[in-house]
Amino acid sequence: MTEIRRTTNNAAGTAGGLPARDGLRPPLSPLESAARVRRLGSLYVLEHWLRAMRGYGWTVLLTAVGTPLVYLFAMGVGLAALVDANTGAGGVPLGAGRAVPYLVFVAPALLATAAIMVAAEENTYPVMSGFKWRRTYYGPQATPLASRQLVNGHCLGVLCRLLLTCGLYFLFLLLFGAVPEASGWAMIPTAALGGFAFGLPLMAYASGIEDEKGQFALVQRFVVMPLFLFSGTFFPLEAMPPAVRWFGWISPLWHSTELGRVAGYGQVEPAWLTVLRVCYLALLAAAGWLLARRVYARRLGT
Amino acid sequence: MSQAHRPDSAGRGDIVVSARNLTKKFGDFTAVDAISFQVRAGESFGLLGPNGAGKSTTMRMIGGVSRRTSGELAIMGLDPDRHGPEIRAHLGVVPQQDNLDQELRVRDNLIVYGRYFGLPHSYLRPKADELLEFAQLADKARAKVDALSGGMKRRLTIARSLVNDPRMLLLDEPTTGLDPQARHILWDRLFRLKESGVTLILTTHYMDEAEQLCDRLIVVDKGRIMAEGSPAALIREHSTREVLELRFGSERNAAVAAELGGIGERQEALPDRVLIYADDGEAALEQVSGRGLRPLTSLVRRSSLEDVFLRLTGRSLID
Amino acid sequence: MSRQTLGGTSRKQPAQLPVLSGRPLASLYAGNVRAVFARGLKATWGSNWAITASGFVEPVLYLVAMGVGLGSLIGTVEGPGGERIGYANYIAPALLAVSAMNGAVYDSTWNVFFKLNYAKLYEGMLNTSLGPLDVALGEILLALLRGALYATGFTAVMGVMGLVTAPWALLMVPAAVLVAFGFASFGMGVTSFMKTFQQMDWISFVMLPMFLFSATFYPLSVYPEPVQWMVQALPLWHGVELLRQLSAGAVTAATGLHILYYLVMILLGLVLTTARLRRLFLS
């Protein structure tokens, strides 16, 4: 490639060959290339996402391994000693005469919370940064890619990370003996669904922000933190005064936690309620997805 | 889509961009106001105008990332509203503001971008090396984007825009913000592309850039086309051969200008200097001295596109 | 001729400098912390006071959720004086210590990191007569002021919830500032080693376990003895214990020990930070 094919008298005619005509030609014509991208564009975004993830892969992995360990030792073992000593041998009362040890009670909540945290992280600064700081969305904008494929590819990337995080978390739960039921694995997809139910509306919000004035710090403090604390995670929702229980009812985390409890230790609830929870989460996710696609299309024009 | 739309069959001289009454409004504000122009394959076409003239908006419409409000626009014979991906597959785009992926290394930026054209790794790996060579960045292949200078980032952005081997390149203010040396290196690279037959469409508010790179250009102001032609023809048509620049000191320029009546074809009094347009600048300077006026400094130069713009709009290109 | 004159002047100038170098740390410290402090106040109040104010909400949310919600599952626990106290009474002082730590760590790490590496704020400041130590102390003082405001607010909330039971509890505010000072003085020194955002993430890896394991939500006695020793070496445990003792009015010799721990931590932290700043800016 270093061969100089033509000499010029230009100011800085130093090195480098002529590319375009004499250089390598792509194996696809522009129209073939466009057709391919129309079909596979989202996967190219995912590929880009994974490649960028390599840069901080260790952080992701350590978080995915460290968080369950720390929380399980602290809440599942330490705090559980205190709770179980008070509630007696039966454990956390669940109504209908059933009770489980605190570790078993809190395990699905911890897993569902981890999914929410990943969703919160991936759908705030990285999205904002695509439009604003690093402007990484504006590179692909000039290619055959469509903006909706950016949304889909991002979702695929987040799905990968959610499955990795929840999958590892679940292994630790098994290790701690926190999942008595064989159906427990189902808490992985329900937690991921909860992550999307929270993450996609957040993505739509983050993508619409023109000026970052600390909105994400406020989201963290006034949305994520209350979700974490008041969604029946560390104690049954019924332990809260009735006046504030509504917060749990609208919280995607409460629903994904309760689904995890149904799967993890067979918490008893009517089938229609389980279906309703899944539908509610799916609805939130779908609404956020549609909204995000609209905002991306408006800002990118593709 | 017919074969005629394929760039490889678009010979030199075929029309690749055609705009008629192209208009873009943002609310009440008209950014581009019913402009019409055509660009032919292999041509180097410029949009010259000050900031806010509507150049970038026009470029975004050509690039298929901004919808027109009204008028007609065809790129390679395709309507950007319906065939955005197909049009963008034909183009290379160098945006005004660099948007390289800072999280990736220099070479990976080219490869990842190439994937967005659906191109296979087997093509992209050698292509990335070839382009880094072209952009004189081969020794930076493994560097982080952050570590590059402004000129290097610009060259990498240009290299990136060539990854799909486009026959048409859109360059929005390609050298704004670069130091003189970096600009010259960049112009050299662009000149080579032009020589190899790539159609260049560029916006600039630097007249020297327009004169260096453009075969033909339109002068735009407030969303309208003020003039069209080759740089030489525009100067011939709208200005004199030479310009005499006189400085009498900030306070006196305007007052003295009144005493210069009749010298040259016309005068222009700016806050910092007085311009006298004449075919023979030295002769004009003698006339000024003859009237007993003693400027602090005087300079005779060739007319430039800057003078054309001043003549057409009464304002400078760079304010 | 003129060159010689210039040379002569520059040779003469050092003769005037010993006036400054007579004081210790003269090259680092110009005695103008106030300028840095005033800039920080303006910047905080000018742009993001709403966010600053909202930082106070987090420990309150924890207190309500854990104290009321979880408290209903737990009932009473053994307090620092050996008596049984409500779970909310037990965790409230711990949450205050945690919030003092979090605020100080945020201000002295992320905030400083950003200003150091991205905003280049300190470079501008150090082009003036300010020394690195002025900058460091100014930033730390700001963090402490913020910490004091949060602590006062939180103590007031405790009062409203009926969790303040001894007059000693009022001393929780200065004690929280002491805890914050310890973390802030260390945090800034540690941050000066960090070069990338990824490295900054390591700070959270240290903070989360410290938060959860330092007897914040349950007594140390649930751990086996070796683990107890490890936890007792951590700074947060001392902060939690200090505030818990004050809150219950159970002040003993151990209280003094906790205070001593923080005094030593502040001293070491300042020595580290100063040494690092000298290295970064005056080499």
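A, B and C label the chains in the order they appear, each numbered from 1.
The rule is short, and it goes like this: a contact is a pair of C-beta atoms (placed from the backbone, for glycine too) under 8 Å apart; a residue touches a chain by one contact, two chains touch by 3 or more.
The structure presented is a predicted model; accordingly, all values stated were derived computationally and were not measured.
Colleague: Which chain has the mean of its C-alpha atoms lying nearest to the mean of all protein C-alpha atoms shown?
Modeller: A
Colleague: Measuring between mean CA coordinates, which chain is farthest from chain B?
Modeller: Of all chains, C has its centre farthest from that of chain B.
Colleague: When the C-alpha atoms of chain A and chain C are each averaged to a single point, how far apart are the two points in Å?
Modeller: 32
Colleague: Counting in whole Å, what is the centre-to-centre distance of chain B and chain C, each centre being its mean C-alpha position?
Modeller: Roughly 54 Å, centre to centre.
Colleague: Measure off the straight-line distance from the CA centroid of chain A to the CA centroid of chain B, and report it in whole Å.
Modeller: The answer is 43 Å.
Colleague: For chain A, give me the residues that contact two or more of the other chains.
Modeller: Counting only residues that touch two or more other chains, chain A contributes 55.
Colleague: Touching chain B in the complex: which residues of chain A?
Modeller: Residues 1-2, 6, 8, 10-34, 36-38, 40-41, 44, 47-48, 51-52, 55, 134-146, 300-302 of chain A touch chain B in their complex.
Colleague: Report the residues of chain A in contact with chain C in the complex, numbered from low to high.
Modeller: 55-56, 58-59, 62-63, 66-67, 70-71, 73-75, 77-79, 81-83, 86-87, 92, 102, 213-214, 217-218, 221-222, 225-226, 229-230, 234-235, 239-241
Colleague: Flag every residue of chain B that touches chain A in the complex, lowest number first.
Modeller: Residues of chain B touching chain A: 1, 5-8, 60, 63-67, 83-86, 88-91, 93, 95, 97, 99-104, 108, 112-113, 115-120, 123, 126-127, 129-131, 133-136, 160-162, 164-166, 181, 184-185, 187-189, 191-193, 195-198.
Colleague: Could you pull out which chain C residues touch chain A in their complex?
Modeller: Going by the criterion above, the answer is residues 47-48, 50-51, 54-55, 57-58, 61-62, 64-66, 68-70, 72-75, 77, 198, 201, 205, 208-209, 212-213, 217-219, 222-223.
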